[in-house]
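Reviewing the structure listed below.
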Amino acid sequence: MAGNIFGELFRVVTFGESHGPAMGCVIDGCPAGLSLTKAAIERELRRRRPGRGGASSARNETDEPEILSGVFEGKTLGTPIAIVVRNSDHHSGDYEDLRDLYRPGHADLTWEAKYGIRDHRGGGRSSGRETLCRVAAGAVARAFLAGYGISIRAWVSSIAGLDMPGPEAPDFDFDETERNALRVPGREAAEKALAEIEALKAEGDSAGGVVSCSAAGLPPGLGEPVFDKLDARLASALLSLGACKGVEFGAGFAAARLRGSEHNDVPVFLAEAGAGALPPGFKTNNAGGILGGISSGQRLEFKAAFKPTPSISKPQQTVDRSGALRELIIRGRHDVCIVPRAVPVVEAMTALVLADFVLLQRAARIG
Amino acid sequence: MAGNIFGELFRVVTFGESHGPAMGCVIDGCPAGLSLTKAAIERELRRRRPGRGGASSARNETDEPEILSGVFEGKTLGTPIAIVVRNSDHHSGDYEDLRDLYRPGHADLTWEAKYGIRDHRGGGRSSGRETLCRVAAGAVARAFLAGYGISIRAWVSSIAGLDMPGPEAPDFDFDETERNALRVPGREAAEKALAEIEALKAEGDSAGGVVSCSAAGLPPGLGEPVFDKLDARLASALLSLGACKGVEFGAGFAAARLRGSEHNDVPVFLAEAGAGALPPGFKTNNAGGILGGISSGQRLEFKAAFKPTPSISKPQQTVDRSGALRELIIRGRHDVCIVPRAVPVVEAMTALVLADFVLLQRAARIG
Amino acid sequence: MAGNIFGELFRVVTFGESHGPAMGCVIDGCPAGLSLTKAAIERELRRRRPGRGGASSARNETDEPEILSGVFEGKTLGTPIAIVVRNSDHHSGDYEDLRDLYRPGHADLTWEAKYGIRDHRGGGRSSGRETLCRVAAGAVARAFLAGYGISIRAWVSSIAGLDMPGPEAPDFDFDETERNALRVPGREAAEKALAEIEALKAEGDSAGGVVSCSAAGLPPGLGEPVFDKLDARLASALLSLGACKGVEFGAGFAAARLRGSEHNDVPVFLAEAGAGALPPGFKTNNAGGILGGISSGQRLEFKAAFKPTPSISKPQQTVDRSGALRELIIRGRHDVCIVPRAVPVVEAMTALVLADFVLLQRAARIG
Amino acid sequence: MAGNIFGELFRVVTFGESHGPAMGCVIDGCPAGLSLTKAAIERELRRRRPGRGGASSARNETDEPEILSGVFEGKTLGTPIAIVVRNSDHHSGDYEDLRDLYRPGHADLTWEAKYGIRDHRGGGRSSGRETLCRVAAGAVARAFLAGYGISIRAWVSSIAGLDMPGPEAPDFDFDETERNALRVPGREAAEKALAEIEALKAEGDSAGGVVSCSAAGLPPGLGEPVFDKLDARLASALLSLGACKGVEFGAGFAAARLRGSEHNDVPVFLAEAGAGALPPGFKTNNAGGILGGISSGQRLEFKAAFKPTPSISKPQQTVDRSGALRELIIRGRHDVCIVPRAVPVVEAMTALVLADFVLLQRAARIG
């Protein structure tokens, strides 16, 4: 389904322009009987909000969600769950001089080419603020997945050109991730990265980075061949984030340089599961937990690359609606690097994909 | 739509198991009035067939397509176009000893976990042979796109760990691509890569690689925000290929290390278009021709990483249906590297995505 | 797409329970550049509201719509249009004794069988109040269709067992329809019907009826064979209204009794179009303006039958959650006959179907 | 999904023109592990074939289905099931003089208006022969439903203006239905109707009729509110048959004339189920087994009205591609009345709808 709807059975529709009256989502297809509280949604929205760190914009939305439907006496009804968040902290005036300009690296030119009209205030519908709706919906999906023992966690594995410690590194500390403003899995690494971000901020420039994501507890069998493979749907979910420019699963691009004998994950007996367990354990996870588009029972592993924030305060050359070249100096509040805030968004999109596949899997066999 | 259907308006359904009676596709939604010949489909199927080079399997299917419907007196009717290709060159006996084994790196384990049953002969539905159907459908999409001046070309940019010359290199020669067995854009590079492939073959091992793709002639405006962005849909299309493990657009993963001032593509006047042309020209194409999920009028550029063929003739440890570890020696015919054959498949998937977006774009505005 | 989403390109999602915080809809796929005002939506919502006539309930919602997104400076952006209406006039206490009872003729039993949970207050999601969202969305579709010269009008052609004058009758007066509370096309007929309704009200009983609908200005070619025929989609739209029990197109059920030579509509030259015009005129319209599921250029004509309101104040036998038989006396406010209020809903659903087909038709041919 | 695809989870795609190389379908989403034989499909196709009775055309297709994929060692794989039937008995020459004529009551004019092109031979894609594909797919759906104890049976309840005995009539004999050429539930009634059909044939005229359908064994809970109600989807399925002009559920159009106190089905204890059983029994079935769009556990009951065959051998006035009026005498083989052959088609469409809802119901609740 084209447009603003995502998912087959566990579906979400998002709506809202950055400076319109409200943002929101409708979750259609969440099974009935799930315990759901407003607090669970607020918790995730809070994680997406601009932090105190130097990486984030100063826009100070309270992002208070209101559940308009679908929940009755603390449980989902099986009916659409509508969640609305008011846009309260407008500085629309900041954008008036952008009405006729197409900002470099933004969707201004392309949206206008497509629709012949655009809301120029804060990027309108193409604003990163739209991801708020995904996080709200993702919170519902996570509550659903928790009942299956499926958990998802993401972190910043590279930022501003600096690689952060990986899961196999001795100083990888996932618990640190939610403690520092950059969502980096290590205190020292976080400090180093923050210094780099502050330097970029001082120069009026911006940074990109990579988000790594890992999901545990997936039963084997999730994912729909042929076109709706688990990795295909996840890739689509991630690249539907405006700043995402690439995604890779397991060994990813590095796999293209391995030999078959190096890349194939070799089955082994795992002590915890015992001999003869199916699915078996594996020595490695080059596949990222997916074979032929279907979860294998191993941990799901992937990475998503995000470009640097296109809004920088350095003067830039751009073009206006008449085709004339113009100098642009962007004012207003902008994240130096959106990658830390992308972490809960990546988790949310992953949750939406997995929730959908859990439901689809129920239709795979007779009986 | 989950499963074996791809696309919203220009839709394709594929069917067939590798060793069943036939493979095929139904294209539903191809506009009426398009001139379409069987030869156009055969030409693309021939490009996907195993070549004479050392990289390909020896399976010798003639892959003769039959058009069963949807075309009348040389033109499409607007009705479903069914194309069937018989599976003629079965060596199903080669696979009998795989009935109870799960091959490493293959979808055997996961398909059986999902469905509780699988056709073990040649990978059944998860065989790479399924891509034949996509190529047939892609040939129809390409014929449609040709009427809009949209053309797509892909090539092997890295194989067996060797980087091939890129478009900016002096020895990049695209015309060479269809002349050598590896679809590498340069004669010397092809020879070097072929030697490496032959060496791997002698060792009973296999190789992966990267396919680069470029599409020209896209009008600005293709792609559907929010979830069905042009890059999101392409990523889904590419990762729906079983061996694909990653995809990146424009600067891709490298973008994550650039600063905003480096990554933003700067508009310039292009001599050929003249001053004031919209969309403008750009100094660079880090965006890969997509901004906010919508085509910008620049050339569409992306890469897809393919893992090495999991079927190798070296002995491997694997697991069987009872959970026991077993040694496996794969016999039968297998590509040392499927990446050259992936080139027409990547083009076909790109064509299917673009054809769909061309039709969807007709609904974007009033009038 | 299952559930609460309707349409392929011009899509609408509705949400809300009768006694929850709000009802609403999201229209996704309305083309950009359409002039749209809140007043256009209010006008249609007002037509759906309970009237002063004896047929309607006394629930007195103001039904003030708020447009949350998708419209900028008076024009649609091509982005989702979210419309919310608060539920203000709750008498939820009226329903407390229905928590464990399944009302006859209502969806109480079936929703609980499906979901294992239900919002018993006012029918929850299965309330007729859900149609408010359809009317709001339909108002947008009507604005879109107006640009194509397509107009839709419906009226009550039978109510409480009384047949109202048909279009060919001398006393058929369509302008009268919006003047009387029963939406009957004739003043005398309205009075007679109202007397019957008042009598039923006095007895604590209820009535059903038939809505006729006619749409003009359809170009030939609307409707998608094979499964999404114009009549198929309209039938689905109408029977998605809880009280609708049947639908017929053109001669409808009577057609089953005609001979081919009587039923085939004979082409003739119409004075206004002149000789040689295509599509031609026809002597009759037994086909209801549809041939093979595609609009013929004739007026679209169909009827929808609505059952009597199941909520009656007479004592009834029913069953409770424990399976015990119980006597039920329904209190609260209920329409004696919802058929007059169904008129704008039928028009709205027709508008949504036609808007979708107008967009789909743009993809039918090359060029 | 527009076009030639039907269903959400249990999906079917049909293809083929009446005089093209073949007709066929692809069933995508049939669960894995279902026992399926070619004989089950042949049996249903045989029921759809022209019979010996005077009502049917003399076209003598053998309609031999070939299963191309999706079944392995007698069981479904969970992969697409492609079924192809060759068109062998062409008399395309019979149609040459129809190339430029638009036949009254047929889709010639409308398809050409839509697509600008049509296959004029035997109605092309709009031929009733397309229903063959639905019957093949329906056979698979019926095999799936049998595992749930769901059975479907239809019969001709009215033909050529004559009402056949209803289920409550003493001379209703369902077993007789498959014994006589008209699929009428009573021997005497069949003879009377056949005489009428023969008389029409002699006059070169044709007849319509009504098919009644009843399905048993549905659990309560099937059907998806709001837009995809069980009756909405069935109505769409039935009106997607070219000759169908109306559909009604339970009391149907007659319900519009009843009072609420007459129409509400009153729950009672049924001896077989015992006191306290849920769902309860009901004194009547005016609802046709559906409340709020969801199955209630009662028998599903509905009727579909079919227009008389538009192809008659009497001379008719028509119009040609140039807009000129022309006299038309249709030659070739045509059913005097297609209603008896519509019986297995109605059953097939019902089976497809129910199979889809059985799968969708698995996603309704947590756990």
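In order of appearance the chains are A, B, C and D, and numbering begins at 1 in each one.
Convention: a contact is a pair of C-beta atoms (placed from the backbone, for glycine too) under 8 Å apart; a residue touches a chain by one contact, two chains touch by 3 or more.
What you see is a predicted model, and the numbers here were worked out from it, not measured in a lab.
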Quiz item: Count of steps on the shortest touching-chain route from chain B to chain D?
Solution: 1
Quiz item: Between chain A and chain D, which partner chains are common?
Solution: B, C
Quiz item: If you average the Cα atoms per chain, which one ends up farthest from chain A?
Solution: D
Quiz item: Counting C-beta pairs in contact, does C-D beat A-C or the other way around?
Solution: C-D
Quiz item: Between chain B and chain C, what is the gap in Å from one C-alpha centre to the other?
Solution: 46
Exercise. Express in whole angstrom the distance between the two chain centres, defined as the mean CA positions of chain C and chain D.
Key: 26
Quiz item: In whole angstrom, what separates the CA-based centres of chain A and chain C?
Solution: 40
Exercise. Mind pulling the residue numbers of chain B that touch at least two other chains?
Key: 1-5, 8-9, 14, 29, 32-33, 78-79, 114-116, 125, 225, 360, 364-365
Quiz item: Considering the complex alone, what residue numbers of chain A touch chain C?
Solution: 1-5, 9, 11, 13-17, 20-24, 26, 28-29, 32-33, 66-70, 72, 75, 77-82, 84, 114-119, 124-125
Self-check item: chain A partner contacts - residues on chain D that touch it in the complex
Solution: 8-9, 29, 31-34, 78-79, 144, 147, 225, 359-360, 362-367
Quiz item: If you look only at chain A, which of its residues touch chain B in the complex?
Solution: 1-6, 8, 14, 102, 104-107, 109-111, 113-116, 125-126, 130, 158, 161, 200, 205-210, 219-229, 231-240, 242, 244-253, 255-269, 275-280, 286-288, 290-297, 305-312, 314, 316-319, 321-325, 360-361, 364-365
